[in-house]
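Chains: A, B and C, in written order; residue numbering restarts at 1 for each.
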Amino acid sequence: MRIGKIAPALVLALAAAATTACGGDTSSSAPKELVYWASNQGTSLDNDKAVLRPELDKFEKASGIKVKLEVVPWTDLLNRILAATTSGKGPDVLNIGNTWSASLQATGAFLPFDDAALEKVGGKSRFVGPSLAATGASGQPPVGVPLYGQAYGLYYNKKLFAEAGITKPPATWEELVEDGKKLTKPDKGQWGLSLQAGQVTENSHHAAILGAQQGARFFSPEGKPQLASDPSVAAVRQFVDLMQKDKIVNPSNAEYADTAKSLKDLSDGKAAMFMNQASAGSFKNIGMDMADLGVAPIPLPATPPSAGRKVTSFVAGINVSVFKNTKNPGAALDFVKFMVSAPEQALLNKTYGSLPTVQDAYSDAAFQTEDVKVFQSVLANSAEPMPQVPQESQFETLIGTAMKAMFADVAAGKPVDGAKIRDQLNQADQQIAAGG
Amino acid sequence: MPTTLDDAPAVKAAGAHRPRQTRRRVALPYLLLLPAILLELLVHLIPMLAGLAMSFFKLTQFYIRDFTSAPSAGIDNYKFVLDFDSAAGEALLDSFWISALYTVLSVGFCWLFGTSAAVLMQKNFRGRGVLRTLFLVPYALPMYAAVITWSFMFQRDTGLVNSLLGTDSFWLIGDNSFWSLVIVSVWRNWPFAFLIVMAGLQNIPGELYEAAAIDGASWWRQFQAITQPMLRPVNQVLLLVLFLWTFNDFNTPYVLFGASAPKEASLISIHIYQSSFVTWNFGLGSAMSVLLLVFLLIVSTVYWGLTSRRRNAGV
Amino acid sequence: MSEPRWLPWVRRFVLGFLALFTLVPLYAMVSSSLKPLGDVQGKWEWFPTTLTIQPFFDIWDTIPLAEYFMNSLVISGSAAVLSVLIAIFAAYALSRCRFRGKNFFKMTVLSTQMFPGILFLLPLFLIFVNIGNTTGIVLYGSRLGLIITYLTFSLPFAIWMLAGYIDSIPKELDEAAMVDGTGPIGALIRVVIPAAMPGIVAVGIYSFMTAWGEVLFASVMTDSGTRTLAVGLQEYSTQVQVYWNQVMAASLIVSVPVVAGFLLLQRYLVAGLTAGAVK
């Protein structure tokens, strides 16, 4: 055999081998087809597909637009959005965590929902105000509309409360600590409160809520980070002290990195209270009887600082956005309009245990229960968006990681005092300032 | 390895008096290397150069949509991460030391376990085959499966490790998390050292031991005089490979702790991942990666130079 | 070889320790995969109180495991075969030919082992996207892209190892073949490849495993249609529920074929390494 013939043949053979080995070709989308990335809202990715598929079929029937669904796990979603942003190759419509709004807005990769676009999906006034506020930095057109609303509340185990002779949920932070102490019986393996202290974003959310109560502003109006202020140190300390000083949290919670363990603690009677977003669906999933659970707003301090704000939750939730590179902005907006229509909002939020983001969906009987009314009122009256700045994800990562480390220290018996907290927050300030 | 390369003109011998083939002869090696060269260029070299270029730009979320619009940062990214008085510089330096210690411990134990097992299994005994097979299982196990099992075992309240030790320590957060990382890394990688040393031992001619035995050399003496020196070239390569893999290790901490590793176990790869992928500041992340690369290059070159010289002097 | 009296004891102790160290996690994996969800969430029990094989049925429904398995198999298999093929040609050139730039090539290839994956993940991704935009060859989100990436990951080690192995094959063999009238490529195919088989198998195993376990690149470069096992297995733990028993059962299922293949071929691996990389 001759080399002259061999070399091209070799290359050809390789190319052939490679192409036959490749099956997962993503075909270019037909004119009336949308690609939709949904976030994981249900108990598993398959559960999400089962919930969404019939609705997407409904939409196709009504509009003739086919929707290709991909449910993206939370661990991948931000990276996938990043990939889509840098390459310009992405879905037409996608879900984003609403705290990412301002960061993603800064990339310019998303269709701005100006008044005209908002009009197309039903008009600004339909939406729940705070949820709509969490769709981007103020003064700029939002980069999406709210899809699933969420708010924090304090879940408590009614049985354990009754056993301890407590008749109503705590109305102030001081009462929460006091009740927590009554409910903490380490020898019985029972604790007043369960925390996801090893979870970075959860920690950052609580820092934001307690920070607002103390009057902290994490960013100056010019967007400069100022985490290391007196009120935010006080807020972080207040939260860490639940385990350190008040001792109403099992030290093992320092390792809790997912909701699953806290939910289970509550349902097993190992913890009496848990601050979380509305999670009726998850409780049911693990077999908790909802009649045994009560829910109340996260309490405020009895004597709030003068600069403190009446905030018991941040505006949590999921937004739906349109990718700017979509070939079908019209169809994409039609789809968004469908997803935020009253019947879909009622049905989807009912299934996922979240809150509708449009006013007209609340008439559904499912949202008339005591529990839902608590969350609804929190979202409408005492919720504040996370800082709407491009460095929001850095903020969450840095402060959340620092708090995780503080809990680890507390659990290991190392004291965490104000000076240490301030030092950590100072470092976070420096790192955000440099990155922005 | 390089000493075995003999440049004897084997090909020339076969075709010396056929001049019309000379051009092909010259082109042949390059043609044979072509696919490898193209792939290395595509996947390793060009992206690496692009990464190098990225480190000189301010590539934050404002510019990732269109990289060409990113403003030049000059050497600001480098200045920033190398300012060890600042929080970011300090954090980078910390994670560098953690990685260094992690690498020394992990490579050390892998080598120790691998060599001990291989040497002790040189002689045949009942069950040797079974044991050898067992030892190789962790290496064959898919990375994710192995590490997730360990993270299951390391849980404080429900984990096997605390049950075994009768303690209630934290293993996935706090000081111990570093040791957890080392243990998992050793568990996964020592079989590789075992495999390589075992192969190295099979290369030692049996006559050497026979001759030594006739001379009345003790086992220990044989180990010192034959096994150790004969394994030196194997160890030279093995330690370098393990060093590079371990220092760049991303998968183990990422699966064990998730994207936010505790600060005691925040390896440099995780630190860079957080700086670039979590906060979308790719200029900064690239600058850190380039520094890491330079460090690895220097260490490898010095190591190779030193060990090769000693090796040549020793022979 | 006469052994000192203490050696058998040291051997028993050291090998016993290593065997336990190896076995305990394997036992944890197997026994947890046979427990009901409630039990794996509770305190660790050395001996399962309730045995169930239900997790082995549930794993297929919780996530599309079979699909991920196929993706991993196709990607890792193709990467291994192509890597071996390309490495053989390169190694043959390095071992048998004399040419300019040989040492430069060897050193460059080796130095790629030092590149932190993080450094070239994003650039590589962008290159793939741009190739897709200009030529229509879809590399991002396709299996082909991952195959190319993974085969290149294992290529440097494969080339070095095979070059070492081919060095150990006497040159006289292929020279004799060439005197008989075959060209260098003929000699490679007829003489060198058969003689280098153990090395080739060893390199194949190495390449396959490199691809099978990779997480970082797979998480950015795949979508739901091309997701590999290493990434897909993470889906057993969602925010609200961690199916530990299913995680363990699935880990077991995805490990068995790889481990079995690896152990069946381990003789080749040792033989290949003996003559190749470790010389």
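Here, contacts are C-beta pairs under 8 Å (C-beta built on N, C-alpha and C of every residue); 3 or more make two chains touch, one makes a residue touch a chain.
All values reported here derive from a predicted model rather than from experimental measurement.
**Q** If I average the CA coordinates per chain, which chain comes out farthest from subunit C?
**A** If we average the C-alpha coordinates per chain, A ends up farthest from subunit C.
**Q** Comparing B-C against A-C, which pair counts more contacting C-beta pairs?
**A** Contact tally favours B-C.
**Q** Taking each chain's centre as the mean position of its Cα atoms, how many Å separate subunit A from subunit C?
**A** Centres of subunit A and subunit C (C-alpha means) sit 37 Å apart.
**Q** Roughly how far is subunit B from subunit C, centre to centre by C-alpha average, rounded to an integer in Å?
**A** Taking the average C-alpha coordinate of subunit B and of subunit C, the gap between them is 15 Å.
**Q** Give me the residues of subunit A that touch two or more other chains.
**A** 2-3, 6, 10, 14, 75, 79, 82, 86, 88
**Q** Give me the residues of subunit C that touch two or more other chains.
**A** 41, 86, 89, 122, 126, 148, 184, 234
**Q** If you look at subunit B, which of its residues touch at least two other chains?
**A** Where subunit B meets two or more other chains at a single residue, that happens at 28, 35, 67, 157, 277.
**Q** Can you list the subunit B residues touching subunit C in their complex?
**A** 1-2, 4-15, 26, 28-30, 32-33, 35-37, 39-40, 42-48, 50-51, 54, 67, 113, 116-117, 120-121, 123, 125, 131-146, 148-150, 152-153, 157-160, 162-164, 187, 190, 195-196, 198-200, 202-203, 209, 213, 218-220, 222, 233-234, 237-238, 241, 244, 248, 250-251, 254-255, 269, 272-273, 276-277, 282, 285-286, 289-290, 292-293, 296-297, 300
**Q** Report the residues of subunit A in contact with subunit B in the complex, numbered from low to high.
**A** Result: residues 2-4, 6-7, 10-11, 14, 75, 78-79, 82, 85-86, 88, 103-104, 106-109, 198, 200, 252, 254-255, 257, 390-391, 393-394, 397, 400-401, 404-405, 407-409, 411-412, 426-428, 430-431, 434-436 of subunit A touch subunit B.
**Q** So in the complex, the part of subunit A that touches subunit C is made up of which residues?
**A** Listed in rising order, the residues of subunit A that touch subunit C are 1-3, 6, 10, 14, 17-19, 21-26, 40, 43-46, 70-76, 79-80, 82-83, 86-89, 258-260, 263-264, 279, 282, 285-286.
**Q** In the complex of these two chains, what residues of subunit C are touching subunit B?
**A** Against subunit B, subunit C makes touches at 1-4, 7, 10-11, 14-15, 18-19, 21-26, 28-29, 32, 40-44, 46, 86-87, 89-90, 92-99, 102, 105-106, 108-109, 111-120, 122-124, 126-127, 148-149, 151-153, 155-157, 159-160, 163-164, 167-168, 171, 174-175, 178-179, 184, 209, 212-216, 229-230, 233-234, 244, 247-248, 251-252, 254-255, 258-259, 262-263, 266, 269-271, 273-275, 277-279.
**Q** Using the touch rule from the top, collect the residues of subunit C that touch subunit A in their complex.
**A** The contact residues of subunit C facing subunit A are 41, 61-64, 71, 74, 77-78, 81-82, 85-86, 89, 122, 125-126, 129, 132, 138, 140-144, 147-148, 182-186, 219-221, 223-226, 231, 234-235, 237-242.
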